[in-house]
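Have a look at the structure below, then the notes.
Note that the chains take the letters A, B, C, D and E in the order they are written out, and that residue 1 is the start of every chain.
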Amino acid sequence: QAAETVTMWTFLNPEKDSPRDRALRQIIENFEAANPEIDIAVESQVWSTLTEKFVVSHRSGTAPDIGWIVGEAMGLLINSDTAADLGPPIADKWDAAYRENLVLPQAYDWLTKDGKLHAMPIMAISLVLFYRKDLFAEAGIDVAKVKTWDAFADAAKKVQLEKDGRVERWGTGLHLSTEKTTMSPAANALMAQQGGRLFGEKCKAMLANEDGVRALQMQNGLITEAKVASPESFVYTLDDVIEQFTAGKVAITTAGNSRYGSIAQKAGWDAAGLGIMPWPSFDGTAPGPQLLSGWFAAVSKDSPRKEAAAKFVAYMTGPEAAELWTDPGGQVPIYKSVFAQAKFQAPAYDWMRELAGMWAAAEVWLPPDCNATRTFADLNTASQKVVLGEVSPMDALKAAEEATAARQ
Amino acid sequence: MLARPVRRLLDVGVSALIVTVALFPILWGFLSSFKPSAEIVSFPPRLFPSTITFEHYRAIYDTGILHYLLNSFLVSAGTIALCLACGTIGAYALARFSFRGKTLVTLVIIMVMSIPIPSLLIPTFTWISDLGLINTRLALVLVYTAYQLPFVIWILATYYQSLPEELEWSAAIDGYGKLATLWKIVLPLSWPGMVAATLFVITFAWNDFVVAVVLLSSEETRTLPIGIYNYLGFYGRDWGPLLAAAMVSIVPLLAIFLVLQRYFVAGMTGGSVKG
Amino acid sequence: MASVEASGEAIEFQGVSKRYGPAVALAGLDLAIAPGEFVSLLGPSGSGKTTTLNILSGLLRPDSGTVLIGGRDVTALPPERRGIAMVFQNYALYPHMTVAENLAFPLRAPGRRLPPERAAAKAAEVAAMLGIDALLARYPKEISGGQQQRVALGRAIVRDPSVFLLDEPLSNLDARLRLRMRRDLKALHQRLSSTIVYVTHDQGEAMSLSDRIAIYQSGELQQVASPHDIYRHPANLFVANFMGEREMNNVAGRIHDRQDGFFFEGGGLSLELGPRDSAWAALAGRAVTLGIRPEGVGVKPQGESWAVAASVHLVEPAGPDQILYAQAGPVEFCGRTKADDPVRPGESVDLHLLRSELYLFDAETGRTCAAAGEPLDGDLR
Amino acid sequence: MASVEASGEAIEFQGVSKRYGPAVALAGLDLAIAPGEFVSLLGPSGSGKTTTLNILSGLLRPDSGTVLIGGRDVTALPPERRGIAMVFQNYALYPHMTVAENLAFPLRAPGRRLPPERAAAKAAEVAAMLGIDALLARYPKEISGGQQQRVALGRAIVRDPSVFLLDEPLSNLDARLRLRMRRDLKALHQRLSSTIVYVTHDQGEAMSLSDRIAIYQSGELQQVASPHDIYRHPANLFVANFMGEREMNNVAGRIHDRQDGFFFEGGGLSLELGPRDSAWAALAGRAVTLGIRPEGVGVKPQGESWAVAASVHLVEPAGPDQILYAQAGPVEFCGRTKADDPVRPGESVDLHLLRSELYLFDAETGRTCAAAGEPLDGDLR
Amino acid sequence: MIPRAYRYLLPALLIEVAFVFAPLAIGIYYSFHRVRFFELGAFTWFQNYADVLSSSAFVNSLLVTTTFALTATVLTFVVGFALAIFLSREGAPQVAIRAVVLIPYVIAMLVGSMLLKWILSSDAGLLSLANAWLSLDLPTILGDPDYAMAALVANGVWRDSAFAMILLLAGLKSISPTLIAAARIDGAGTWLTFRAIVLPLLRPTIMITLVRLLLHFTNVLTFAFILTGGGPNDATETLTLRIYRVGFQDYDLGTANAMAVILAIVNIVAVSLLVYAFRRRGRG
């Protein structure tokens, strides 16, 4: 019997040699060994346009069977109704024990709309705060005590290094550019106050309120009052800030946990000093939300090989693959069972365990059916307006809210 | 007029300034492409690598940059060939014939150049898919040509108009038809215009990312800019290979320029007509 | 196709006109040229000669009228299909080709396409004939003006064409070379018997080369006739004045019918034209302009002539001859005498006006009414 | 600065050379021109005339040598600072300017800078003089070749320059116009007394305009002298042959010292030059080339002449004269006689060689050793 | 029978129709619809246009684009022209410098802008080094709205001067040296020769250069996208960046295409005016 070939678009390339590439290669090999009637053909894509292309090519009938979807663009996938329902072939078959094994149970609800499971999570990533353990130690700061934004600003001040009136190292990096945006501290603080929510009914953004003003002023204060972040933060993207952190120019930064490896590898300082801390909050009672995202697999609705495709997706997103994603892939496991394995008890995996703990405490997903991605940019614009344009925080937030509303 | 030595000095000074301004950012990138990864983004930045490493060049070689180069080369060559083939005859018509609708054609040229390319991407994708050309290099060639052709025609037509028409008359008398005249007389005399047009088209085709990323979807057809862009990865920017690839991508274009630059000569029509 | 296209073709212009805005470059040209004929176009600068050639070669579209070559209406035919060779007034050499390549270019044209060696050999041969064989490897901008002109000429010659248009092809050559070229052209014409239309400003050239000469003025053809006829029987005052190295001496007057015969009277002159019963009767009473060439004004009695008292005021040497200017009453006469005729400025002399050089033109129309001393029956042309 | 720059300046070339690769365009030119002098350059095509002008105007750098204008070494001076006006052989009109603008352009130059109305008025005036006033609004490509040439001329004239270089400025004009222009140039020269260097192929022009004529051959200056001297006392065979409408009749031979006097013998001729005790002695035994202009060959005895039996084989009319070709033994003579001299092809005639037209040239060097029938003491020049 | 001119233009016209006008038609069609998430929705007449025109963000981007495009065009043209003249001789040094100037043009735009951002950033880049070495206190460039615009313009000039230079150089080469010589003889010095001979003869080339630069700068995305991200405070959010964001980040193709159509119309009008001005002032 001729093998059925299932095409998959991903930003990885199993023919190459990064840890994740190797993981995918192994996963495919394992799968093909177990399912000789199915061949997996990978077409490697540029990650940033992958989802859009998947959706558009679906429209023109040239879509692959499986597409990887980046979390930020999940709204596009779901709203455009491109994907096949993965409930019946995968999730509906799960038993309670299986569900219990999930690190991020909310993810599946998040991916479900109108009873249809649009995609399956492959790897989960959240925005976390990286900090320099070594510098904190030097300054005598106990990271566990940095629970409030005030404490955060204090700590940042302490690890900031100035020489001749010039800043050699900023306390914290802020990525407040309106390009390539993700959750800023202000957004985190705002969401924390609103129970992890940024959107209300009918995708109405909840920005222009007292909480928003407070969050915004806290963030701007880091630049203008505490002066622990660069005034150029308004043009920095997340990548810029992470690089500054890696270079040692910044002591605390936001970053996707997925960056752990590359930061550790390229750091201009001892990589042992790399740590992750929970988000502060205003009252310090609970940590700020862990905004989750990551990569997901969707099967094209029009694929003639839905069944085979779903089979592979099930495997690729299942516990067995999760192990490979963790080793060699270096991803934080999305099945608890992975942590149970002996080889993942090593100290090198401590941070993953820690992070999984944070996720459990503060897992948050943005509503996928809202056009939410650029709301963070709107918030950044608001931040810029307040600092540079002398607009009142409330007005700035109102404008942001309107901008978001116009987008829905 | 200034004394000679002063002029010389001024020349050298201005030249140095030009070179510095133009080259400094590139030099920065060039030197960085030989630094170990950790050193590239280190702070404080350092101009020269502490140790010279070729790891980034090896890395891009391993990711198959040669294949990307080949694709880019094919696409660029195809684009320039098509642009010049259609451009020369089109420009000739525009420069030398008077016909109804000439203004309209001029307007079309301006119109095409006026359209912001991003707004065409989605329809182009759909349309190219319908044509069954998606993920082919041919599609890129056609689309690039479509974007650049108006400009090529405009440059060439302007250049043709600056040539003495008597030479074409003479060729006609000597028994050459319009196309033969274009080929034997007009083209050889419009080298500077052709060089300029070629350079612009190739630079566009060689560096385009936006269209390529939309129309191409396999490793097989991937062009160099996509290869470069890929180093702006999901897991962070890979400055080393990114810069290495960018440096490599400059080389062919510069080589082409240096070769074509020979044809940048003045007074090509000297001695041809009185008047 | 053989390399010799020759054996000329007939050419005919029928009511061909061309205007540039309000300016008329050519007004209703009617001109028929026989196969193998050598016709020169002569006329003041800007009178439409080049325009005529350009229309004939197809480079210009006439506003109206028809052009026939070999009996075929070619008005709408593009230049490359008319089988015409042409020397451009401004040369139009191909700047990116060497002299050799320029010369060989027409031979390599589609439809003629000689093999490269044959073409090169032919080009070299023509170059030798033109004395530019040492320059074959040069580019047009590396040779002198006269050399460029010869290349332009060579490029037309090399084809052995059946119709051959030359726009002042020798103007930038020295006298010596011009004479040789003239001879070569003549030989070429005889060998190929091609039809040649030749624009020149050199009357000597036109006279010695042409079967017929066409005289233009302001876009209008004035006369087409053999060199001799043009010189001896100009159609009108313009032609008469234009031909010859210098203008005629012109005197306005009237033909008087007196008892003792017919007289020209005007400008203080009274010249007896003929007896009462002569053919002059037809002209009696007409207002005319008298014209007489300097060659017809001497200081010695020669043949039949009228004597006019005058005082010399300028004598210019001109090679073997001399030119004298003398005032006779209100009229200044210009005459030509042998260099050794002893006349000096200030002297009073008797100017002798040769009857055989006498012309009369209708004062209004300019038409010739008497030529070479004899009245014309009807008006010429 | 006033609009009249004039009152000419002296020009001097000192050992000026220019080569293009192996080709010598100008070889060690030494030439001094006095202020206000009118010098014509004459020579075959490609002999270095334009090169001379270009070096003088500063467009070309000589390979060696010095150029002085008004006593100042200008070899390194850029063209715009030499105060020279020039008519280019290829016109070089500004294609984007109308005729009026072309004409007015030199008046806009810094240091000359006339107010626009004055400049326009001046341009219009020059245009009127050149007969192109109706074309002022046209662009160069909209006018005829001769009109273009006149614009080029006008652009140089308009400046009233003190040094004035003209490269065949009248070659594309008809005879009538050329004559008028010649007169206007002469008047201009007299009015401004500017120094004029004039390249022409028309010997008549050179003769009638110039104070002195410089004859070139292959980049080498052959002779500089007044028109009369050039014609009557050519420095060598080349100059003698080059001047005059047609070449001299040349016969190779030797001067024999016989009992009955000195004789030229060669080509079957034996011409007695003078008695034994005459100045011819200095030339005795020399191999020489005899030269005699067609004007010196007639069919009637005139003055002192030698008779040579010959048979006529061709007679060509040439206006008031005729040219005859006759064979005398191995030598073909070309002669010029009055049109009414009755000679017919095939006839046997006695050719009369005029002693006053006899020239002898050293067979080796070409130097003139006898002119106008008389031996020269030393060699000329 | 098709007239010959059109036969010659046919291949070009076919390609344009197939790959520009066809997609353009679809784009225009979109602009009259609600298109969200690449899904063609209801036909909304001019709703998108009305929305766009009444949006202050759009007006801001239009102003930004105008400021940026005009400044960059003028400066690039001037620099390019100066370069073309300075480097017009065919000596080895001139050729070498031309090649050098060309490098910013031929390097991938994205990489060029990234390098500039790196250098200009006062935290990571050389600016901080310069500050340290020279003990200067240079202002933050990218963090200040005015300086950021200046930086954006600088990026454009830095990259595209070579383009103007090449085009003008080609134009300069088409001018016959004889004419220059004639002008010198006529007594015109360098300046008058330049003004009265070179400039007018270069007019068509100058027009092309200006038009192309203007269109390039109104339509370019990369500079703003990479160098400033449109910030700070939207001071550099060009129209193209806005179109990109609305179309590809907000997935609102209807509005994006409406903006694109407006931008194209503005472009066409601006260019037509420019062309007209050039035509009117000279013929021949």
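Methods note: contacts are C-beta pairs under 8 Å (C-beta built on N, C-alpha and C of every residue); 3 or more make two chains touch, one makes a residue touch a chain.
Computed from a prediction, not measured in an experiment: that's the story for all the values here.
Asker: To get from subunit D to subunit E along touching chains, fewest steps?
Answerer: 1
Asker: Where the contacts of subunit C and subunit E overlap, which chains show up?
Answerer: Chains touching both subunit C and subunit E: B, D.
Asker: If you tally the C-beta contacts, which comes out ahead, B-C or B-D?
Answerer: Most contacts of the two pairs: B-C.
Asker: Find the most central chain, measuring centrality by the gap between its CA centroid and the centroid of all protein CA atoms shown.
Answerer: B
Asker: How many angstrom lie between the CA centroids of subunit B and subunit D, rounded to a whole number?
Answerer: 57
Asker: Cα centroid separation between subunit A and subunit E, in whole Å?
Answerer: Distance between chain centres, rounded to whole Å: 36 Å.
Asker: So, what's the distance in Å between the C-alpha centres of subunit E and subunit B?
Answerer: Roughly 15 Å separates the two chain centres.
Asker: Could you put a whole-Å number on the gap between the CA centroids of subunit A and subunit B?
Answerer: Going by mean C-alpha positions, subunit A sits 38 Å from subunit B.
Asker: Of all residues in subunit E, which are in touch with two or more distinct other chains?
Answerer: Counting only residues that touch two or more other chains, subunit E contributes 38, 124, 132, 176, 178, 201, 248.
Asker: Show the residues in subunit C shared as contacts by 2 or more other chains, in ascending order.
Answerer: As it turns out, subunit C has residues touching two or more other chains at 89-90, 142-143.
Asker: Which residues does subunit A have that touch at least 2 chains other than itself?
Answerer: 56, 59, 243-244, 247, 249, in rising order.
Asker: Following the definition at the start, I'd like every touching pair of chains, please.
Answerer: Here the touching pairs of chains are A-B, A-E, B-C, B-D, B-E, C-D, D-E.
Asker: Considering only the defined contacts, which subunit D positions touch subunit E in the complex?
Answerer: 57-59, 78-80, 83-86, 88, 90, 92, 94-98, 105-106, 108-112, 139, 141, 155, 159
Asker: Please give the residue numbers of subunit A that touch subunit B in the complex, ascending.
Answerer: Within the complex, subunit A touches subunit B at residues 9, 11, 13, 15-17, 43-49, 53, 56-57, 59-62, 70, 169, 239, 242-244, 246-249, 258-259, 261-263, 265-268.
Asker: What part of subunit E is in contact with subunit A in the complex they form?
Answerer: 36-39, 51, 55, 57, 117, 121-124, 131-132, 140, 142-143, 145, 148, 225, 228-235, 237, 245, 248-252
Asker: Which residues of subunit E touch subunit D in the complex?
Answerer: 176, 178-179, 181-189, 191-192, 196-197, 200-201, 203, 282-284
Asker: If you look only at subunit D, which of its residues touch subunit B in the complex?
Answerer: Counting only subunit D, the residues touching subunit B are 89-91, 93, 95, 140-141, 145, 148.
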